[in-house]
Amino acid sequence: METVKIIIAGPRGRMGREAVNLVTNTEQFELVAVLDHKYDGIMLSDIEGFHSVSNVPVYTEIEKCLQETDADVLIDLTTPEAGPYHAKTALNHGVRPVVGTTGFTKEQLLELDEICKEKELGCIIAPNFAIGAVLMMKFSQMAAKYFQDIEIIEMHHDKKLDAPSGTAVKTAEMIAAVRETKIQGHPNEKETIQGARGADFDGMHIHSVRLPGLIAHQQVMFGSDGQTITIRHDSYNRASFMSGVKVAVETVMKQNTFVYGLENILD
Amino acid sequence: METVKIIIAGPRGRMGREAVNLVTNTEQFELVAVLDHKYDGIMLSDIEGFHSVSNVPVYTEIEKCLQETDADVLIDLTTPEAGPYHAKTALNHGVRPVVGTTGFTKEQLLELDEICKEKELGCIIAPNFAIGAVLMMKFSQMAAKYFQDIEIIEMHHDKKLDAPSGTAVKTAEMIAAVRETKIQGHPNEKETIQGARGADFDGMHIHSVRLPGLIAHQQVMFGSDGQTITIRHDSYNRASFMSGVKVAVETVMKQNTFVYGLENILD
Amino acid sequence: METVKIIIAGPRGRMGREAVNLVTNTEQFELVAVLDHKYDGIMLSDIEGFHSVSNVPVYTEIEKCLQETDADVLIDLTTPEAGPYHAKTALNHGVRPVVGTTGFTKEQLLELDEICKEKELGCIIAPNFAIGAVLMMKFSQMAAKYFQDIEIIEMHHDKKLDAPSGTAVKTAEMIAAVRETKIQGHPNEKETIQGARGADFDGMHIHSVRLPGLIAHQQVMFGSDGQTITIRHDSYNRASFMSGVKVAVETVMKQNTFVYGLENILD
Amino acid sequence: METVKIIIAGPRGRMGREAVNLVTNTEQFELVAVLDHKYDGIMLSDIEGFHSVSNVPVYTEIEKCLQETDADVLIDLTTPEAGPYHAKTALNHGVRPVVGTTGFTKEQLLELDEICKEKELGCIIAPNFAIGAVLMMKFSQMAAKYFQDIEIIEMHHDKKLDAPSGTAVKTAEMIAAVRETKIQGHPNEKETIQGARGADFDGMHIHSVRLPGLIAHQQVMFGSDGQTITIRHDSYNRASFMSGVKVAVETVMKQNTFVYGLENILD
């Protein structure tokens, strides 16, 4: 495989820093430039935390960055505001985008799809790069064809504000897309303390555990006569996202189509 | 150890049948009579399911049974109505009761305590004979001294009517007895789907999972900076109660005091 | 869907009894005959344990059974000796076999494949009907593409003789078929007590836990930077096999091809 | 409770840094000095990573440090070489030691015990400050009285060299101290792949799982008729040790005796 020349947008964010690590530590990847909303015209090694990364110029303007740089892929880890524009601009310069931001509108996704077809270029938009989480959701959807009774238990640190987690809701949505609605549990079941049976999502139940010490964990349980299946993902730190970024970069170089969602490139 | 001569009250119930198995299969135990509300004056081997148990007479009247039988212990697995009377009557005949029914009033417990002191006899009332469940509760209470953030996940088959389970509530009560009330989770946490954070019990959270295939399971989770402890009990069938009955019989022969709750004889 | 008329071979075995339950309790299934190596010419309701099953004749001879019965499917739960012959004979009478025995030779499988093509009939041979176990293996194989570090922990009751279990070895084989051999763990790792790191299978590690109380459980763990995935199957009783038999019967009626392994009809 | 004035020995080590955090962030604790083998006569705020900690002098000489400082407790997180001498010297200056190093000889422990009695001062030596791990071991020892069949599964990152882990062996030793030796599993069980049944320790089995992504986890499983108990500890980072240090400091101020092992101050 030839070396893939990569631009990273958003290198100083938490995901961005991991991505710089990934690209500089992967043999067949080469970091050729970074895009940063604040610094311009300096070298990445001038920014704190990147002193050891040599020969990587920093740009503020994406147009200028793409014109002056010979790149294959743009890894974008910026914001929902910037992501869609960056993706479009990259494609127009013949650079394949791998975008980790959320917030794309339907119109924006359709437009990117159009450009990919026209230019015969790959583009991957993935709101979640944690391969483990994506596989958990994919397997859950597959298991739901044979096991209609499903409970999701997601467990996070106690600083988390929302319950259920976004991943739990996404999992339930993916399952609901293939499962006929089923009201689970005994028809006459009764909560003697309110909330015991958790959140109801299309008849499935979701339980949100919050404890100091925990990081980010989810298990999806399936029951049927005499047996249960459990699919669990434990995420311990941000490094877990990087194997997904790596697979996405490798895939975007091979496929000349538009893809939304990491689950659609894992088989 | 000398052989312990045992009467079983309620031999045809589901727990009773297991108890007959236990006593007839334990070397130092001997089944000397059974008390049954329906049959009288026949042998246990005449009743379906007990054909191989020889030489055990069946009584309907507890007084008569105790008078005609040389027994050390009465294992009572009948009903909340009969249990207290059987216990008292046994003590008055010098027989030590091991009772597995619930529903004793405070007055009945105090009265039994009095008789035990007077007669210098042991008596054990245990609403839950599953040693594993009792240890889980005991350990949870101990751990709660050092880990104030606690979530209980109980998991049962989907025929169960009430949520949370009795064991989960009992566990939470035992913990609450030693833990200062603490509202857990982020102060601003928000349920985007109602019930996600489970049932609230003194600031702890209880989650009830119901799935076909499951039997009776509970895990108690404790979190603190950088670590979690999990204490879990899985009950697969009724045989699990019998190790508790065995320990209770052995203990009631050694101790000349009244004890309520298996947790008070496990150390 | 039209009613599927079914013959069960081996109705008195443990799996066979569950299958009789399944077929008689499933609306679109009808039990039209049984094949039993011992009884002949009586009705199934004459045999102990089947008193409530009406109008089902018992045969010893498969040829005679197939000639006198209008059937769509033969569910065979007999022995490795009888299974292959039963499958072939059924196909030759236009009846689709669903066979749960092991022990087919390559030649026998090829021959059945030939007959299926010639007759345009479906036939499913499935050594393991537990859908949950089959999904666990299938998901494990899929996850192994992205997570090359894998440990299998299988847990069974302490009456089990062989370690690792057949399912664990089958899982490892399925994974090894898609994974490049990888020696896991630290290159200099050292067992201070022999066996600590478990059994080695193509660089993966398999651990066999044996405890009274356990039934049949397996979890497959996958690790990568900052994350782990766990896929677990808990089997509590034999009823767990029947959902697999049901899916197989439904599928064998729709597909006109030969299939070996339940994993190949689950998608 | 009055403020506890604390000296920390070894503030620049990984545990030491956490301890500085703990003491400066706990209301009733006050950091009055640190002991460092390298720096002397400067302030802690002059050392990198401690800029925000004001008014804490750094000493190299323990004698001088104790003479010039009004302290209640010495938290020692240095080395097996320095720990015993520091503990003894502290006691001789009326300061109560809480020591987290290993490597004390029997003679050293006896000597400290003597000094504690003579001076009527508390002293706690704890090779493991992770309360969660210590509770797991303590509960395991208690459960082993009622469940003689035990399997330990410890799971760590794949950079770990030794298997089983020190904690697993310590757990097995604590259990073996109260459990009659029992050869577990079926008497005729057979490993078809060597090592499947794990390491044998007094008849118990220990399994060591190694995967990238994992941190430090252990579960102890107990089985009996129809039930299992599982006690699990997950350690995610070094902060987990600090709750143990806190409990030790609080306890050493209340008790005027010598204690070896955190398990002996948890009740």
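We call the chains A, B, C and D, going by the order they appear; numbering starts again at 1 in every chain.
The rule we apply is simple: a contact is a pair of C-beta atoms (placed from the backbone, for glycine too) under 8 Å apart; a residue touches a chain by one contact, two chains touch by 3 or more.
Source: prediction; values computed, not measured.
Of all residue numbers used where subunit A meets subunit C, over half belong to both copies. The two sides are thus made of the same residues.
Seen from the Cα centre of subunit A, the chain whose own Cα centre is farthest off is B.
C-beta contact counts were set side by side for B-D and C-D; C-D has more.
Subunit B and subunit C have Cα centroids lying 39 Å from one another.
In whole angstrom, the spacing between the mean C-alpha positions of subunit B and subunit D is 36. One finds 49 Å separating the Cα centroids of subunit C and subunit D.
Residue positions 213-214, 222, 224-228, 234, 236, 240 of subunit C are each in touch with at least two other chains.
Subunit B makes touch with subunit A in their complex at residues 149-151, 153, 155, 158-164, 169, 184-186, 188-201, 205-214, 221-228.
Within the complex, the subunit C residues that touch subunit A are 130-133, 135-136, 139, 142-143, 145-147, 219, 222, 224-243, 247, 266-267. Residue ranges on subunit D touching subunit A, taken from their complex, read 213-215, 234, 236, 240.
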